[in-house]
Amino acid sequence: MRLHEYQAKEVFAEAGLPTPDAELAESTDEVLAAADSIGYPAAVKAQVHVGGRGKAGGIELAESDDEAREAADSILGMDLKGYTVDRVLVEAAVDFVDELYVGVTMDRGEGKPVAMVSSQGGVNIEEVAEESPEAIAREHVDPAFGMHPYQARRAVYDAGVESDVASDVAGVLSTLYDLWVDSDADDTEVNPVMVTSDREVVCADAVMNVDDDALFRHPDLAEMEDAAAEDDLEAKANEYGFDYVRLEGNVGIIGNGAGLVMTTLDLVDYYGGEPANFLDIGGGAKAERVANALDMVFADENVDSVVFNIFGGITRGDEVAQGINDAIAQFDELPKPIVVRLAGTNAEEGMDILNADALGVEETLEGAVQKAVEHAGAAGGDGGEGR
Amino acid sequence: MSVLVDDDTRVVVQGITGGEGEFHAGQMIEYGTNVVAGAVPGKGGEEVHGVPVYDTVSRAAEAENADASVVLVPPAFAADALFEALDSPVDLVVAITEGIPTQDMARVYKRLGETDTHLIGPNCPGVITPGEAKLGILPGNIFSSGNVGLISRSGTLTYQVVDNLTDRGLGQTTAIGIGGDPIIGTDFVEALSLFEDDPATDAIVMCGEIGGTDEEAAAEYIDANMDTPVAGFIAGRTAPPGKRMGHAGAIVSGSGAGTAESKIDALDEAGVLVGDTPEEVADNVEELL
Amino acid sequence: MRLHEYQAKEVFAEAGLPTPDAELAESTDEVLAAADSIGYPAAVKAQVHVGGRGKAGGIELAESDDEAREAADSILGMDLKGYTVDRVLVEAAVDFVDELYVGVTMDRGEGKPVAMVSSQGGVNIEEVAEESPEAIAREHVDPAFGMHPYQARRAVYDAGVESDVASDVAGVLSTLYDLWVDSDADDTEVNPVMVTSDREVVCADAVMNVDDDALFRHPDLAEMEDAAAEDDLEAKANEYGFDYVRLEGNVGIIGNGAGLVMTTLDLVDYYGGEPANFLDIGGGAKAERVANALDMVFADENVDSVVFNIFGGITRGDEVAQGINDAIAQFDELPKPIVVRLAGTNAEEGMDILNADALGVEETLEGAVQKAVEHAGAAGGDGGEGR
Amino acid sequence: MSVLVDDDTRVVVQGITGGEGEFHAGQMIEYGTNVVAGAVPGKGGEEVHGVPVYDTVSRAAEAENADASVVLVPPAFAADALFEALDSPVDLVVAITEGIPTQDMARVYKRLGETDTHLIGPNCPGVITPGEAKLGILPGNIFSSGNVGLISRSGTLTYQVVDNLTDRGLGQTTAIGIGGDPIIGTDFVEALSLFEDDPATDAIVMCGEIGGTDEEAAAEYIDANMDTPVAGFIAGRTAPPGKRMGHAGAIVSGSGAGTAESKIDALDEAGVLVGDTPEEVADNVEELL
């Protein structure tokens, strides 16, 4: 779960990190009121999960009420890389002379946390990592011991942070590491950490991704989840407990098991279609879960056809089939064509009882995908480029 | 011949009194697996499917001479169960549990490095040597005995590929579901080396997916160290960067590492025959044998 | 620093461990008032740092006001193995059916914490360890990871604790371990953990020793230090910052470095004397520190002579000599004879300037000890047994 | 010949800008020790006694090719300094600091076991190879070069014994103060094995004290593995049980383990000549040579 900047900043500030004065606003009036209480110059920052907000016009600096109104009007409601901006953070602008990057993440290859510092902050850190990896100082942390103070210092000195702020920046890194552990985060990151002309250190941005699998032990963070979701479908997926990712195409995909669902997406593409989503309903296939999955896929207005691919494994195919039949019984007519393929344990029995009047039924994964792509093309989808 | 498990393997099931644990312990026993004990705190002295339950894994391992453990406990308690298994000690731990917090696994991984135990998983379907033993939740009926080793990060995709293989009479020595999490015990390289050392394995299928660089490392290893031919498959070619596709491991960072393209290229260069569809993977195995 | 039972119980209760209702009392009236508010039966327990309080008459059970008064009168002011009882803990008596031992300490040989559980609690656990070591289940803990829950459970099951209280006892052990870490303790221990007839688990005693070297980061515990000191001399030693142990003999000993001071004690014994104390003044030997050391040793009325042995090392012998001279200048006449021996860097220069009119001066350690033993014998000490 | 340090040893002093650090770095340099760098966070670029100071030990070690570190930082920061030294990495770390919390040291000890570094101390006077190098706070002037190896848990007692040896012309190959804390790096057994392998050491003095069972372990090791003769001394014969005698390590548990008697008996049985007084120790060394 990715927190919004304003949520992460609340968490960071509570942990003692220096963040600028800020208020959340959802209307131009609220922006003006916030700027008034914070003082000018103030930054107006779109609260959406996209990189490069600044370049895309999602951050503006206001020196006066007029400018603040202008910024609010232009940012609130704007479309930022596909997301509508509903909320902005109004924040005291920091007069900085230097921008640093400080972050903690999991290095999955090493199986260890890694703490990072760069004196090239304020830009896309992934580009820095690509183009001049030596500009990022890295400290791998032994997760049993946690980060030693010397490691924070070493990262900071190795990154070439100037001596007079080294200790403060090391402090930011230590706190970010503690937050990372205490919150079961995937990442905690500040980019940029700004150094002001009077050598103060300020966390001007805040990124925090929390491990979804660990939310059960962080009820305070879990509460932020709804507000953090970017759109209705994602919120719905959270509610249903599905792994769901919305994509650009028109072939809806439902399956069990991440690897097999990804493979189904790949086959849709391979046979010239475009996947509309990734949806893994996980183990079992009770009628309710099947119904929820269909609800999700149909809720995406881009979807023109659906492929439903289940490899039974321990789950019995006849039970899955029954679940599908029950789930589609609610419709007089299916809104979009569905092609089903069942395999594995009791698959044949399942195929036999499937409601073949309402559903397309295919023997093989390849066949099912081809049929769904066909339906989608017929419905007006552009068919995409085949491989 | 086989790797990791066979009909001599003596198995403890951690969590055997839970719903999942009891069901899959029954399935394992039915398949012929030598399940010798269960371990559940507070349930010592009970029996499940005629198998004695102990309060601790150490006691179970000692009393029943067990050398492997299957972990079927809920995610909140799974890391502790893994530490317990590693400390019991047994030679092989198979962690089925899905959804273990990543930081818990980082700590387990650190401990794992201090032991000689093999850990398979977590978030994996388990390990099966067809006709001998299955440790995990794989559907035994789709497997058949033969000379193909299989390694996969994904559960149901494994079944799909095995189904295609078995359909054509291509049986398996052992199939290992190494799991889809960001931090796992046995990785491709370790699993490949086990099969390379197994004289009964004549070809290997490895099913990878986007995220991480484990497949790239495997390609390097294959190129440098392996004689046994390998057929490959990579799921997630169409996944957009920055999105998590179900498996926590399956997230492509924006910088180009961990993409399907990078993995397929690396495997290609190492001489691995990479298929575009599960069917094609089976075609390739036939060609390699 | 060893906490008193009542102090340790406060700390334990705050950490959530189940302890009986209790109040501290310093007079018979306070005992009666406490017993009244807690209810009978109540235990009246002497608060002194000696083992086997019960057997020695330091714990009595009262069923009524009369019995409580009797217990208070007999225990308050009593001499318990050399310590005067100033305070008692009045505590609700627990109706137990079982007594367990639970504790955490450092296994210095392994360099690791060890958690211990025994179903033979309520007795001297060191005897159990000696006579039936298998009756104590031990779990070594990796200090980087901390104690895993399975380790607490395993210790409890291996100790043969009954299943219906196993989880509660494992909880006590986990909390004791956390306390041990959080307080930088040398030991945290409950003996006995009582199991009541309705299968409740109660911590009926509480032991906590805190690492003196770590007190600097535990100001809350450091505050308990004065109350924990057993006598005036120990309190004085704390104040001066000396490592000091009071012994039974009459030859006072001052030196620098623990090993050398212990050796000096051993030599006093070897030459037929009896050491009155261990006092390590540590590095350096400023006049004030020397004066404080003399003050401490003279404050022990058993002392009949003093041996002052310094091996200069980095410290210069002439500076030490000057410190000694300055320190004794405050006395018109020394209350007890002092024999000084200086060695190491600039020792000769030091010996030359020592105030030989007031002090005995010896060239060798052996000579200085023999002379001090002689003085002590002349002063009426019994000379002890030579080896 | 010598053990651990000689005139090639290149030394970093951690804490060189502090009062103690600056003073003893000066003393070490004066003795002829090859002090090549200091390490103090925030003091990078400064110089002390003409020696360059770096912000981190890694940088100091890399820039100056150092292979040993002397830790002279206050107890509250000492564990971190030790972790840093172990990670820099250097081959030898000498921890002088007294009063490091025991639990800090337990964590350091765990890390130490994951490295190949020798740690001497903490709470020790250091290591000296007379005439070549001294790493620590030992008074160089009382030592003389020769063929006796010395190992001691105590500082000033070491000086006393060395004084007695030097008085009689019995010089030392190397003297190691292993420290008086409950948890130390190099123990008697490890130090004895270093001297056993040193052809220049013809006899060894080991000064133990009450507390722990390190001397008992040493006795066992001597009996089983050593040809070089050993003279012993044990301080604390008169210490009562349960009291800490200055050194945190010097506390006798009520159960009889760690007493002077137990240690002396064990050493006697291993053929070690145990003296009653420092003078007698010197007598014994003369006898053994």
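Read from first to last, the chains carry the letters A, B, C and D; within each, the first residue is number 1.
The working rule: a contact is a pair of C-beta atoms (placed from the backbone, for glycine too) under 8 Å apart; a residue touches a chain by one contact, two chains touch by 3 or more.
Keep in mind the model is a prediction, meaning the values are calculated, not measured.
Enquirer: Considering only chains that satisfy the touch condition with chain A, which of them also satisfy it with chain B?
Expert: Chains that touch both chain A and chain B, as defined above, are C.
Enquirer: Taking the mean of the C-alpha atoms as each chain's centre, how many Å separate chain B from chain C?
Expert: Taking the mean C-alpha position of each chain, the two centres sit 55 Å apart.
Enquirer: When the C-alpha atoms of chain B and chain D are each averaged to a single point, how far apart are the two points in Å?
Expert: Roughly 49 Å separates the two chain centres.
Enquirer: Could you pull out the residues of chain A that touch at least 2 other chains?
Expert: 142, 144-145
Enquirer: Specify, in ascending order, the residues of chain D that touch 2 or more different other chains.
Expert: Expected reply: 107, 111.
Enquirer: Looking at which chains touch, is this a line, ring, star, complete or other?
Expert: Drawn as a graph, the chains match no named shape, so other.
Enquirer: Judged by the touch rule stated earlier, which pairs of chains are there in contact?
Expert: Contacting pairs: A-B, A-C, A-D, B-C, C-D.
Enquirer: Using the touch rule from the top, collect the residues of chain A that touch chain B in their complex.
Expert: 51, 106, 108-109, 111-113, 126, 129-130, 142-144, 181, 184, 186, 211-214, 216-217, 243, 245, 247, 255-263, 265-270, 275, 278, 280, 311-314, 343-345, 364-366, 387
Enquirer: Considering the complex alone, what residue numbers of chain A touch chain D?
Expert: 145, 148-151, 153-154, 157-158, 163, 166-167
Enquirer: List the residues on chain B that touch chain C in their complex, please.
Expert: Touching chain C from chain B are residues 41-42, 44, 55-59, 80-81, 83-84, 87, 107, 111.
Enquirer: Quick check: in the complex, which residue numbers of chain C touch chain A?
Expert: Contact set of chain C toward chain A: 142, 144-145.
Enquirer: Considering only the defined contacts, which chain B positions touch chain A in the complex?
Expert: Residue positions touching the partner: 24, 27, 75-76, 99-107, 109-111, 125, 137-139, 141-142, 152-160, 163, 180, 182-183, 207, 209-214, 233, 235-240, 243-250, 253-256, 260, 276-279.
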